[in-house]
Amino acid sequence: MTTGSRTSAHTRRPAGPTVRRVLGILGLLLAAIGYEAVTRAVFSPLHVPPLTAIAPRAAELLTEARFWTATGRTLLVAAVGLLIALVAGIVVGFAVGSVPWLLRAASSTLDFLRPVPSIVLIPVLVLVLDVAQITVLLVAVSCFWIVLFQVLYGLRDVDQVAVDTARTIRLGRLGRIVHVTWPSVLPYLGTALRLIVSVALALAITGGLVMGAAGLGELIWSSQESGEFTGMYALVLLTGGVGIALDMAARLAERRLLHWHVATRREVAAR
Amino acid sequence: MSTDDALLRIVDLGKSYRARERTVDALAQVDLTVDDGEFVAVVGPSGCGKTTLLKIIAGLLPATTGDVYLAGRRVTEPPADLGVVFQEYGRSLFAWKTVRQNVELPLRSQGVGRAERRELVAEALDAVGLGQAADAYPWQLSGGMQQRVAISRAIAYRPRLLLMDEPFSAVDAQTRGDLEDLLARLWHRYAMTVLFVTHDIDEAVYLGQRVVVLGASPAGVIAEFPIDLPAERDQLGTRSSARFGELRAQVYAQVRRTPHLEEVAP
Amino acid sequence: MKATVVAGLNRGARGVGLALGLPVLLFTAWWVFSADSTSIFLPPLSRIVEAFGQVWFSEVFVRDVLPSLRRLAAGYAAALLVGVGVGYLVGRWSVVRDLTSPILAYFRVLPAPVLIPVLLVAVGIGDATKLIVIAVGAVWPILLNTADGVRAVDEVQLDTAAAYRLRAWTRHGLILRAATPQVFAGARQALGISLIVMVVSEMLMSTDGLGFTVIRFQRTFAIPEMWSGVLLLGLLGFGLAKVFETIERRALRWHRGATGREESW
Amino acid sequence: GSDDDADAAGTDDGLTTITLASSPLGHLAPIYLAEDKGIFARHGLKVEVDTETSDLTSVPSVLAGKVDFATGDLTTLIVARTQGLDVKAVVPASASTGKAGADYGALVVAADSGITSPRQLEGKTVAVNILTNIAAAAAREAVRADGGDSESLKLVEIPFPQVPAAISEGRVAGAWVVEPFLSAARAQGAVPIGWGFTDLAEDLTVSAWYTSGALVTRKPEVVTAFRTAIREAYAYAREHEDEVRAKIPTFTQITPEVAARITITGWRDEVSRQAAEKLAGYARRDGLINTTPDLDELILP
Amino acid sequence: MSTDDALLRIVDLGKSYRARERTVDALAQVDLTVDDGEFVAVVGPSGCGKTTLLKIIAGLLPATTGDVYLAGRRVTEPPADLGVVFQEYGRSLFAWKTVRQNVELPLRSQGVGRAERRELVAEALDAVGLGQAADAYPWQLSGGMQQRVAISRAIAYRPRLLLMDEPFSAVDAQTRGDLEDLLARLWHRYAMTVLFVTHDIDEAVYLGQRVVVLGASPAGVIAEFPIDLPAERDQLGTRSSARFGELRAQVYAQVRRTPHLEEVAP
C-alpha cells in the first residue's frame, strides 16, 4: 500500500485563470469552425459570408479611424445609459422593494409599463430629444427594467434570519440596506450587470440601425444599405468582440465583489 | 404597567402558526415575569415553542394573543439594547463580512468610536477563543466556531437584555464549560438580564437563577424552579454539590413528565 | 378571531386599493393634462381611448392579437426551455461555463435587427423566424439567471444529494429546484422582454400581428391608434405578469417559507 | 448633427443656414455636389446635412422645427398629409429615370423561376422594403400595368439589402428592389421583369424634400431659395453624371466600382402631381388612409 | 489491501484549507481504522477538524494528503450505502419537499418500492417522534425537529456506514436519550458501522465501542479508548455504573489536556 503523497483530484476541481482563458478561446475557436463550416455548406457566401472572408475585413476595419470613433460613440452612449439605469434601478428597486406597501402600490404600474416598447414611441420622443439622447434613453429604459426586477427578486432572496439579526442590533433602514440587503442582492445584481452590459451595447447599436444615430449601428446600417455585406459582418464580428471584452470586465468585477458568495468561492477558494 | 422590578412581563401570550397544510398552536397562555438583572434559563421539549417565545420577546414575530412588555412598554419591534444569539447561528452571520466585521457591526450601529470598538471586538473574540480567526469569513469556520462568533457578537455589545437560543449547542464540552463561566461573569459584571434557552438541564441549573420549564406544544409555563445555589458558581464545585444534584433531579423529573417521542421503537 | 377576519377583509380591500391607486392616479393625470393637447403626436387620452375601442374591439383582435400571442407563447416557451437547459449546463459545470462564456457574450450583444437578415436566409419568412427572434431576445435573462442560480446552490444541499447517491436525474432536478428563485427572476425578466421583442420581430416580414399593426399605425401617422396599441401592450403585459405571479406564488412558496417570508398570522 | 432648433438661422457671412435631414443615400449626391460648387451659397444658403435620421424620426423632426427640410417617399408624405400633418413637398429628392428597362428600381424574380412577366406573380409572395411606402404601390402597379390583378399580390416586408438573398434562396417569388441592390440582385442571377416606377408615371417622384407648412409661411423666401438651388444642382448633376458617381462613395459605403455601375436616380424639378394621385389611390386601397388627400395642400406650387 | 476486518482505513490523512486570507491545516496525519460493524464515537475540541474528517470519509471533500479506504477501495466519491447526518442539518433538508418526501428521497433513488418505502418512512418518522409532522415543510419545524428529520432520513435508509456529525445537538435531554437508545438499537439490529461525532463525552462513552479523541488543530488522533461496557446499555443503569464513570473521567481528562480557549477573560 502506498501512502499517497497527494491525492489526485477526485471532486470537480475548478480551473485556474489560465486554463479558464484557454477554454474560452477554445470555445470561440470551435464556434468559428462551426460557423465557417455552416456558411460554406449551407449559405451562399454572397448572403452570409464565411469567417475567412469576414476576418480580413475586420482586421482592416481595426486600422480605420472611423471604426474607433464609431465604437467610442457607441460605448459612450451605452455607458451613459447603463449608468443611469443602474443608479435608477437600484434606487427605485431598493425603495420599492423594501417597503411592502410601496411594492404593492407600484407593482401594477410597473407591470403595465414594462412591456411598452420604446421603439414605438420614437416619433414622440424625437419631439423633445435628439437622436443620441433617444438612444441613451432606449438603453437606459431597457436596462432599468432589468436592474429593477433583479433587485426586486434579489430582495426576496434575503434570508430572514439575517434581517432579524440586523433588526435586533437596531440597524436603521439605511444600515440594513448597506450591511444586509445590499450584499444579499449583490449576486442578483451581478447577473443583472452581465445582462445589461450586453443589452446596453445591443441597444446602442439598434439606435443606429433604426434611427441613424452615429456609431457602430449606423456603420452597420450603412454597410448593409450599400450592399457591403462583408463589411457589415466584419462590424458585427467586432461588435461581438467588444461584447466579449465587456463581459470579461463584468465577470471580473463580479468575482471581486462577490468573493464571499457560494458561487464564487466554490470556484476560487476550493483548491 | 406596575412599576415593580419586572423588566419583562409576558401576559397570556399565545402564538399559532397557520398554513395550508397544518396549523400549529405553538404557544398558549404563557405568563412569565423576568426581573431586571435576572438570569432565567428556559427548558422544554424540542418543538415546544422556545424559539417562538424568544422571537416574540425580541419583537421579531407578532404574537397571536397576549402581550409582551419590556420595561413597561409593549414590544412591537426589536427594543434597544437587545442582544440575541439565534438558534440558527450560521444564518445569522453575514457571509460577506469577516468575523471581526460581524462582531463589530452592532457596535458601529450604536456609534461606538473606532478605537473603543476595536478593543471591544478583540476582547469579545478572544473571550470565545477566536482571536486568531478574526479575519476569516464565517463560511471558513467550523460550526462551533460560527456559533462562538454569534455569541461574541452578542456579548461585545453588552446588551441590557440578552436572549440566547441554545447558544452552546455546537461547542465541545470543555469549551462549553468555559463559555458558561464567561457568560456568568459577564452577567455579574454588566448586570444584564438573560433569557437562556438550553436543552442541557445541568447547564440550566448551573447558570440560572430560575429555571422555567415549558410544556409540550402548545407550550405554557408548567413549572418554575428558583435555583438557590450560591451566586458564585464554578464548574467542579457547584456541579458536584448536593443541592445542584437535587435541583437537577427536580427539573429532570418535571421534564420527564411532559410527553416526548410517543413511541420510540422502529 | 373575528377581529382577524375583519382585518383580513380590510387588508384585502386595502390591497386592491393599493394596486389600483397609482394606475388610476396616473391615468387621471394623463387624462387631465392631455385634455387640450394640440400636438399630433401627443393626442388627448380621450382620443386614445376612443381609438382603443374602435381598433381593438373588432376583428383586429382575432386577426392580429391572437397570432401575436401564439408567437409570443411559443417563443417564450422556447426561451424557457433553452435558457433553463443551457443555463443549467453552464451553471453546473465550470468547464462548460469557461468554454462557452465568450461565445455567449458574443451572441448576447447582437441586436435583433442584425439577426433577422441571417434568419431570413436560414429560416425563411414564416412564423418560425419571429419565434426564434422572440426566443433569442428572451433567452438571456433566463439563461444567466439559471446559471447563476445553479452556481449558488447551497453546498450542504449538494453534499446531501451526493452523499445519498441520488440518481443523476433526481440530483439535477434537486439542484434546478433549489435554483428556482433565481430562475423565476430570469423568467420574469424574459416575459417583459419577449413582449417587446415580439413587436420588434413583427416590424419585418410580417403581415399580421399586434406589433405589425402598431408599427403600421406609427408609420402611417395614425397616432391615437398607435397609442392605443401601446395601451394594449401595457394591459397584456399586466395580464401576463399576473398569470406569472400566480404560478410563481405556488412554485416558490417553499422559498418564501425558507427565507422566512411566508406569512403567518 | 444639428442644434436643437435649426430654424433657418442667419450666419455671419450673410448666409442662411438650413438643416437637411436624410439618411446617407445616393440621392444626397447632388446636394453635396452643389455644396462643393457653391450653388447653395449663391442662393444665400448654407447647408448642414443631418444624416442621424431615419423615416421614423424625420417627419416629427420637421414638424417640430428641429430640421428645415427632410426627404420622404411620396406615399409617406401623402399619408402624413391626410392624417393632418402639415408637411409640404418642395421638390423631388429622387425620381424615376422615366426609362422602362433602365430605371433604378425594378420588380425582380429569380432567373430560374420561370416567371417572365409581372402578371405571373398573381397570388404570389412579393417582397417590398416597407409595406406603407411607395414600394408597395410600385410592385402592385407593375402587375396591374401588365394586366394582372394587383390586389392578389401577397406583399411582405423585407429590407432591400436582404432582397438578393431572399430571391436566390427562394423565400419570395419576386421582390421590389432599388439600387444598389438591383445591381446586386442581378449579379446574383435575378432578372428584372417589371418597372413599377415608370408604370406609375413617366415623371414619377419617388421621394421628395419636404418641409413644414409653418416654415413655408414664416420663411417663404428660404423655401424658394432652397428649391431653386436644388433645381440648379439637378441641372448640374444631369450634366455631370460621372461626378455624381464619384461622389456617392464619399458618404456611403458603396464602393467606387459599384457606384460606377449602378443606375443613378432621376432628377426632376417638379413633384409629379399625376403620380401622387395614383399613389393616393393605392394608399387608400391598402388601407393606409381612408379619406382622399388634398394634394394641393401637399405639393408646394 | 489487507483483508482484515477493517471496513474503513484512514491512512496518514491531512487536509489544509487554503485561501487568500488564511491557510488552515485542519487535519494532519490522521490514522484510524474502523472495523465492520463497529460503533466509533469521535470527540475533539470545536474547530479541530471533525467535520472535515467526516466529509473526506464521505468522499465529499478531497484530502490534501493521505487516503481513505472503504472496504479496501480508495474513496474518491461518496460510496454506496452511506448515510450522513450533517452538522448543518437545517441546510441539508430540501425546503420544497415535505418532511416525508425528504425522508423518502434516498429510498426512491435506491429503487425501494412504493409500499415498502411508505412503511420505512412512516417507521423512521415515528421513531424520531415526527409522525405528526410528516406533511409539514422543513421550514415549518423547530431546529430540533429539523435535526430529527435529518436523522430519520439517515436511518430510514439503513446504510452500511453511518456518519453522524453532532446529530443530537439540537434536541432536548429527554429526546436525546431516546434517540441514543434508538440509534443503539438500530446499530445492533442492522449491523451498521457508525462514526459518531459528538461534543457530549457521556454520550460518546454511552454509545461507542470505542471513543476516538482528536487533538487541537491540525487534528490527529491523540487517544483512543475502548469502551468495555456491556453491549446492552440503558440510560439509567449504564450511566450510573462505576465503569461508565471511570471511562467518562478518562476521556474527560484526555480532552482537558488539549488546548481550548486560550484565555477566557473579558
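Read from first to last, the chains carry the letters A, B, C, D and E; within each, the first residue is number 1.
One rule holds for everything that comes next: contacts are C-beta pairs under 8 Å (C-beta built on N, C-alpha and C of every residue); 3 or more make two chains touch, one makes a residue touch a chain.
As the structure is a computational prediction, the values presented were derived from the model and not from experiment.
Counting steps between touching chains, the shortest path from chain C to chain E takes 1. Comparing chain pairs A-C and C-D by the number of C-beta pairs in contact, the larger count belongs to A-C. Averaging Cα coordinates per chain places chain A and chain C 18 Å apart. Centre-to-centre separation between chain A and chain B, using Cα means, comes to 47 Å. Chain C and chain D, compared by their mean Cα positions, are separated by 39 Å. The set of chain A residues touching two or more other chains comprises 47-48, 123-124, 127, 159, 161, 164, 210, 224, 261-262.
Counting partner chains per residue, chain D shows two or more touched chains at residues 56, 59-60, 159, 161, 165, 169. Shown for chain B are the residues that touch two or more other chains, namely 17, 19, 88, 91, 137. Note for the complex: chain B touches chain A at residues 55, 58-60, 77-78, 80, 82-84, 86, 88, 91-92, 94-97, 105-106, 109-110, 137, 139, 157. Residues 159, 161-162, 164-165, 167-172, 175, 179-180, 183, 186, 260-262, 265 of chain A are the ones that touch chain B when the two sit in their complex.
Within the complex formed with chain E, the chain C residues making contact are 154, 156-157, 159-160, 162-167, 170, 174, 177-178, 180, 254-255, 257-258, 260, 262.
Residues 12, 14-15, 19-20, 23-28, 30-31, 42-43, 47-48, 101, 104-109, 111-117, 119-121, 123-124, 127, 142, 145-146, 149-150, 153-154, 156-161, 163-164, 187-188, 190-191, 194-195, 198-199, 201-203, 205-206, 209-210, 217, 220, 224, 236, 239-244, 246-248, 251, 261-263, 266-267 of chain A are the ones touching chain C in the complex. Note for the complex: chain B touches chain E at residues 17, 19, 21-22, 24, 43-51, 87-88, 90-91, 98, 123-124, 126-129, 131, 133, 135-137, 140-145, 148, 155, 166, 169-176, 178-179, 181-182, 185-186, 189, 199-201, 252, 255-256, 260-266.
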